[in-house]
């Protein structure tokens, strides 16, 4: 019997080695970030990691500031962690992203500081090409031509070719060893349903050798329904359920 | 100098051209304001890069917030009937595939060739591209919305961008707090001018030579 | 106010010109074919058409035979028409497909006869590359490299290039002027929900300049739900509702 | 000649290697039979090209038919818990992306290089590719399932295919009504042989030279 549900976050990320290439989903909301997987990876200690992610992440301090700012509207979760945590801990070797920096001069993200210290490498790429490169990895496409990028730094070192009189950049697939994604519900086959904008969470699920999904709950098989499933279980290797009561510190085993 | 336009007026000037049924993407910063000024009686489909189509206005208080419905910039918005959630790849299939009618993007510099630079934050080690390269390149129409000059008074409309480019030959129109300009065949054509401003005063704040057509008009929202 | 719902099938296809390039969805079931759109196009009379479709279609006679064969299990619809009808009527100039022929020597499809008469051109391509070429058109990708095809007739005349030691064929985007697709439900914005395997119906919606969706019903805006919508309305230009009582002849205006 | 294996036995021989949790695509024709012979206690996810994952068995009568749940070949199947519907492009993203563990495909010819020809129907002006090129090329394992010879007695396992190729160097194993053969380094290795058959008798029906290893076994389902 297939059962992709793993008991703990620590178990789910236990075999991620130092030097791994990792996709990390989530964007634009604290409620779609695979925070517990990120925290577990921080506890686990792997280093020299390369990440692909929309954004470099705010880190713990700035998240606390955002929590205060957002308080009139929404309770920013106490169990929110993003890649900023791993940048702060010095676990990143390289980041492939579209948003490496906080907006505004006064908001300096942990990744920016690591970049200034020369500890990490940045590969800057627009969100569309990043998304398509990851989708290409999932879909077995080695490379593709996009009209986005010619004449900009993104095209440097890449083939540029005309199609219909329009220059296109050749971008290559960006696979990963592991993908950390967050969904709403799952079943034991690894079928996923998302809530809200699906961001890179849906894009990355299936683009890595091992996709690990952090979910609110696992429901009995059949409950999600064939029309409602957003990501089929064939793309997902492990599922792990978020604690029902938030654990507010990233270094607490769970 | 005469008075510059308010952000709300700038947003109205941009939003005037949202046709009924238009699919519109608004960049972070000034452009987001345009969502509140869609002309009466027109229905516009908003697109947000992380996988949201057709949301409603910004949430005003806690009672209106659904924690799953955010737009870029951590801003909760209202659900609207017909709204759709998407993945990032599908969201950019929509952009790259030419399904966005208008994108409004902030700019640090726009030049006479329609090149857009909106990546680099001065004083920062790294700039953000976000979804701007795809939006600027592939939307049917790209409007740059920005203050006419930097805080230090430097022109942002220039002959040739000096900052890192987001996308080349992509901007169709520039709306600032002083003027409306169209990029046409490598030239900046002054279309509309803020009330009280002279062409010479606008030119003095502009780094590119402005072409002044006979039908130059004063900005009006009537 | 946006309202993409068109009153009749005849109106929905009225502007398709002779010589147009058309995507046509549906496959493997009579219940997912955009039959009324095909019938309306047959009535409209446009000719010299190029189609991209999974299959060349059985045509009216063989559909009647299938109806008899399937009778013990399922009532094959009396209002089923596929591209075989247009092949029979001599409206096709070219077909880009993975299934040009009936299986078995005794099952000869209208397209096969048209091919024997030299009236039509065939571009044979596997379903995966066909699907990806159409998706590329929708997604603004000019061309892509797939590992499928090298060493076979499919690769003839195409660029073959190595990625990671594996030969890949460059396939180009396949856009269309019109796409005829079938869905289950729609709203006035053109948002679509499918029922059952979505075949090329979902793939093609958005890959043409004008996508026309044939649906069972149009529901009030908001009823489909943001998580449930499979194809967003930005991909769809026209929606037309199937008659509640089947019209069993293709040449009846509707 | 000794008796050839039944289709059901062939299907059991193929299905033996479906591991628990395997994602399996079965081609039209003989391979579809394998769905009925998944070994007891193993859960297999079936994939069908037009956008179906995880369906149940074929419907037996009208009461079981859902007109929206068909597999390729117009055959209604039962829904199963966890089943998922997909688009054609997503369905082939799964195939091309290497997410299919085993595909079982019918063959007109398979050769010693593992090339597969299953397109051309003799006497027809055009052959069907279907999804076979993607499946044969990209599944982790490709099994050719076919009768050992044509109706006219011609060998289908050959040194070099003469018919149009569906995909090159893709077949890992061939299961026929006479033998189980593996393609290894450009050679056809005879792994198992039907009860009562001698190597010489199998070789006589085979167009490629068979390599006979020391551990050649009789086909057994135990």
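Some observations on this one:
Every chain is named by a letter (A, B, C and D) in the order it is written, and numbering of its residues begins at 1.
By our rule, a contact is a pair of C-beta atoms (placed from the backbone, for glycine too) under 8 Å apart; a residue touches a chain by one contact, two chains touch by 3 or more.
Everything quoted here is computed from the prediction, not taken from an experiment.
Contact with both chain C and chain D is made by A. The mean-CA centres of chain B and chain C are about 38 angstrom from one another, to the nearest whole unit.
Measuring from the averaged C-alpha position of chain A to that of chain B gives a distance of 28 Å.
Here the spacing of chain B and chain D, counted between their Cα centres, is 56 Å. For chain D, the set of residues that touch two or more other chains comprises 85-86, 92, 95-96, 138. Residues of chain A in contact with at least two other chains: 132, 135, 139-141, 146-147, 194-195, 227, 230. Those chain pairs judged to touch are A-B, A-C, A-D, B-C, C-D.
Listed in rising order, the residues of chain A touching chain B in the complex are 27-32, 54, 66, 70, 72-74, 98-101, 103-105, 112, 115-116, 122, 124-129, 131-132, 134-135, 146-154, 194-203, 230. By the touch criterion given at the top, residues 20-21, 23, 43, 45, 47, 53-54, 79, 81-86, 92-100, 138 of chain B touch chain C in their complex. Taken in their complex, chain C has these residues touching chain A: 132, 136, 139-147, 163-164, 166, 168, 172, 193-195, 227-228, 230. Of all the residues in chain A, the ones that touch chain D in their complex are 1-2, 135, 137-141, 187-189, 191, 206, 220-222, 224, 226-227, 229, 232-235. Listing the residues of chain D that touch chain C in their complex gives 28, 48-52, 59, 61-62, 65-74, 76, 85-89, 91-92, 95-96, 115, 121-134, 137-138, 164-169.
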